[in-house]
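Let me give you the structure first, and then I'll get to my questions.
By letter and in written order, the chains are A, B, C and D; residue numbering begins at 1 in each of them.
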Amino acid sequence: MDIAFLGLGGMGTAMARNLVEHGHTVVAWNRSPEPAKALSALGVGIGETPAETVKHCEIAITMLADDGAVEAVSLGENGIIAGLAKGATHISMSTISVALSERLAEAHAGQSQNYATAPVFGRPDAAEAGKLFIAVAGEAGVVEKIRPALEAMGQRIFIMGEKPSQANLVKLTGNFLITGVIESLAEAFALTTKGGIETAKVYELLTETLFAAPVYKTYGSIIRDGSFSPPGFKLLLGLKDNRLLQQAGEKLETPLPFAAIIRDRFLAALAHGDGDLDWSAIAKRAVDDAGL
Amino acid sequence: MDIAFLGLGGMGTAMARNLVEHGHTVVAWNRSPEPAKALSALGVGIGETPAETVKHCEIAITMLADDGAVEAVSLGENGIIAGLAKGATHISMSTISVALSERLAEAHAGQSQNYATAPVFGRPDAAEAGKLFIAVAGEAGVVEKIRPALEAMGQRIFIMGEKPSQANLVKLTGNFLITGVIESLAEAFALTTKGGIETAKVYELLTETLFAAPVYKTYGSIIRDGSFSPPGFKLLLGLKDNRLLQQAGEKLETPLPFAAIIRDRFLAALAHGDGDLDWSAIAKRAVDDAGL
Amino acid sequence: MDIAFLGLGGMGTAMARNLVEHGHTVVAWNRSPEPAKALSALGVGIGETPAETVKHCEIAITMLADDGAVEAVSLGENGIIAGLAKGATHISMSTISVALSERLAEAHAGQSQNYATAPVFGRPDAAEAGKLFIAVAGEAGVVEKIRPALEAMGQRIFIMGEKPSQANLVKLTGNFLITGVIESLAEAFALTTKGGIETAKVYELLTETLFAAPVYKTYGSIIRDGSFSPPGFKLLLGLKDNRLLQQAGEKLETPLPFAAIIRDRFLAALAHGDGDLDWSAIAKRAVDDAGL
Amino acid sequence: MDIAFLGLGGMGTAMARNLVEHGHTVVAWNRSPEPAKALSALGVGIGETPAETVKHCEIAITMLADDGAVEAVSLGENGIIAGLAKGATHISMSTISVALSERLAEAHAGQSQNYATAPVFGRPDAAEAGKLFIAVAGEAGVVEKIRPALEAMGQRIFIMGEKPSQANLVKLTGNFLITGVIESLAEAFALTTKGGIETAKVYELLTETLFAAPVYKTYGSIIRDGSFSPPGFKLLLGLKDNRLLQQAGEKLETPLPFAAIIRDRFLAALAHGDGDLDWSAIAKRAVDDAGL
């Protein structure tokens, strides 16, 4: 398929590369041009503006930093909306707000363009290996059309519903659950440490029995070792996703008490200068509260 | 080995049976005599009082309902302390408080008896299959002595430390982490339900990707289906363990904000008449808060 | 002084009337014209647009519903910024966000106009009696200039600082403290009610001893009597102010755990259809949690 | 009346003195004898044991440190129960648990003795001036009998109900509300401080308007000035009362989310070595969370 890929950060570059390797024709755009040039050796074309980049493509994928970037690239001057052909599909793969996703759905519908969302679970190494998990939402016919592109990037696709913003909500919910694991482990380790027990032993017991899941292993070992830098996912971005979750919670009139505690952990972490560490560094707050 | 087993509930009966099947000689005691009689066909002896039951044994195991029962059976008239031989070992396998465990450690030391703790993770089916996970704490020499007995009941033994109450603390911490999963999932499902997404789809995405752990599968499916009855572990007992955890947290001067939220969920669940449901029925509170 | 008054809700109308009664010349503007006409009998002029209304005034006061209204009236086409004379002062008296207040400060500075903030504490009856408490922030010279106008509306003026948004932050903080009182009393009454004690007795004890403050009397009696309708201040507006508070908390990297609990109370109240009741109706949540 | 007074701390000594000054005949007992001797100049008799002290009195008042002390003095060997005449009344004025109060009620009833509770609100200076506020609970006839004694110690008596433990519950609830004020102010001041506003200005605005109550003035000024030492009421005792409140909440199946947050503040304060400061020193936690 002819695919435009907008947003070449660590994740996006790996995903675009997988599209090429699966035989798709890719034209890329990035705010700063260097990452696109790095892909040109693979035969990837380089677009000048988002509108120009997506013009002849069946699919335009955005994988950008945040709401602001997606809004500018999609709805701004020379944006995707302005350039995408009728009947072509914008797949929004970034972690964005439910509210922006609903605005995009409406804007694309107004131009007879398709819109689907496909946020991903997985760190950069999973992106490189094409092993992402992808939550998809959109009209069934649209999802079927874009499936080959998604399968080039992910090991498995989960369909959440027909309304595009539903996959955004699920993505934010998944990130919320990860922060729940981080805070739970932080409190647990603070308590057992004060009880004189080596964290390594508690970690081993937990992650080899009931909690034998990737998320406990990944974050349990980071917290155990205090290896919050370099960050896999920055704390500041974690706060952003928590904010988007709570905005969705407000719109849907759903209290989320765990999310509220985690928000305060993020703020206290920022106040202590930890914004550039891995988001699991909120674990330092439980340790600090316990006077350790 | 000659082993006394005190406390023949669903878990205890299965564990005693496994001891017999591994060639140990077991004499059993239970407050009501019926469960002990049911084991006599296997060649299990029946004791009259705890003291008399443990008299000629190298090991006395308690697997009782709560602190009150363990205190009465251990420290009461005709209790284990009164009957156990010098050099023999009491293994406390119940989920009890750190404080009681410390009292028992002191009491046994005063009688030149050994004391170790070995609380278990696993539901009755795991107990029957001898597949429990066992957290052990006690002096290294004592733990080595009792290892054959533990290996007859569990698939794996995790040594937490030399101070017996440390395994009790880890057990309470493990149960806390389970309740953290329950509350996290409850909030997540409440939110996605209000967003119009089928819980079954969210469940599948989570439990087949980052959260592919037994605890998410078990409780996620119970919450998804609302199958809180019959209970695997009663809500009232869940509140009890939360209370013991928070008492330990107070003693160790460690704030546990997630545990505090879960406590309030337990109380609200009781106030709504759900005390006899499975402890995961605290999930109904998040649903109720969201007006569903 | 020549004063433009923009925003004639219940509060604004009473405040404008007090300005007239203190001898000021007032020209008014409101989105819908009726409330302005009602004031014309007092000699109040009526403006066509915000810009035109403020044109010949030394002071322009905004007392509008929310950020959106203040933004439109101030920064929009034919807004205050466009019409206000150099050296004249815009006093923002609405409860608005710190962020918008900072934008307004910058915009006015760019036009050589003055900007001060003067949010008020008090319900409509206090506004009518000219008995509001007013928190003021702005450059000292500007505050002195506008003092006569403020004194016509309030019984006392409290100067918070030289940066206009500081009074907005204090106003949001004051509203937060009120919600803290509401939630505290709600929990207290739920507990004593379950203990079989009449709420009227607890109310009397509290409000005639340590808690003998207007805020405890006002909200304690509303909660005691369940008289949440008609609302003195709508629950939906309470949620809005909580949101603005938390946005300020995020910007200032300050965790506010009580505010987080109150936010969830607001959301649960909305989910139960109580958005149009008085904001103290969040007290129904504590009652509901206790199964009453 | 003939009154036995047991427990001569700072509060008890002042209260006993007021009884004497109102013409009552007082015999006193204290665990350490010195404080009783200091009262003998006023004509106060000194008892050897609680039982002997109360033997010829119509009223026995306990004003002791905690549940343990009240239990020992009341139910222990040579305790009040053992010595009090049939028809005489034990007034428990300490802050004790609802559960112990219920045990005392039962024990006294079994001996045909009366039992009432009368916990007090007020610091030592109010006790000396006879200006305490007293919450009373007990059978109406009993309360009438003891009224003259109570009026000698307090400026006002509030009757809570016929069940003695109800006044204990109200006392714990009152202390909970005070901690709610402390935490609210702590969060408020942390936020406004980060917003660059002097706390003294915020304090003045609040305590001279909506929050013009003794409790806001007292604790607001302590927090503003950081004058947590010497303590008016020790943080460790504050934690104890919070624990008793939450035990009551558990028994009455009432979630208390604000109380839960305050509990964690107490624990974090202990972990930071602040147990001997005034209980309002939990305010340091909000400050610390904000990175100040």
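Please note the rule applied: contacts are C-beta pairs under 8 Å (C-beta built on N, C-alpha and C of every residue); 3 or more make two chains touch, one makes a residue touch a chain.
Which chain is which protein? Per UniProt: A, B, C, D = 3-hydroxyisobutyrate dehydrogenase.
All of these numbers come straight from a predicted model, not from anything done at the bench.
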Quiz prompt | Greatest separation from chain A - chain, by CA centre | solution = D
Self-check item: Chain pair with more C-beta contacts, C-D versus A-D
Solution: C-D
Exercise. Indicate the whole-number Å distance between the mean C-alpha point of chain C and the mean C-alpha point of chain D.
Key: 38
Quiz prompt | Centre-to-centre distance between chain D and chain A (centres being mean Cα positions), rounded to whole Å | solution = 54
Quiz item: Going by the touch rule set out above, which residues of chain C reach two or more other chains?
Solution: 249, 253-257, 261, 264, 267-268, 270-271, 289-291
Self-check item: Residue numbers on chain C that touch chain B, as the complex places them
Solution: 264, 267-268, 270-273, 285, 288-291
Quiz prompt | In the complex, chain A residues that touch chain C | solution = 239, 243, 249-250, 253-257, 260-261, 263-265, 267-268, 270-271
Quiz item: Residues of chain D touching chain C in their complex?
Solution: 98, 121, 133, 135, 156, 158-161, 163, 165-166, 169-170, 173-174, 176-178, 180-181, 183-185, 187-188, 190-192, 194-198, 201-202, 204-206, 208-216, 245, 248-249, 252-259, 261, 286, 289-291
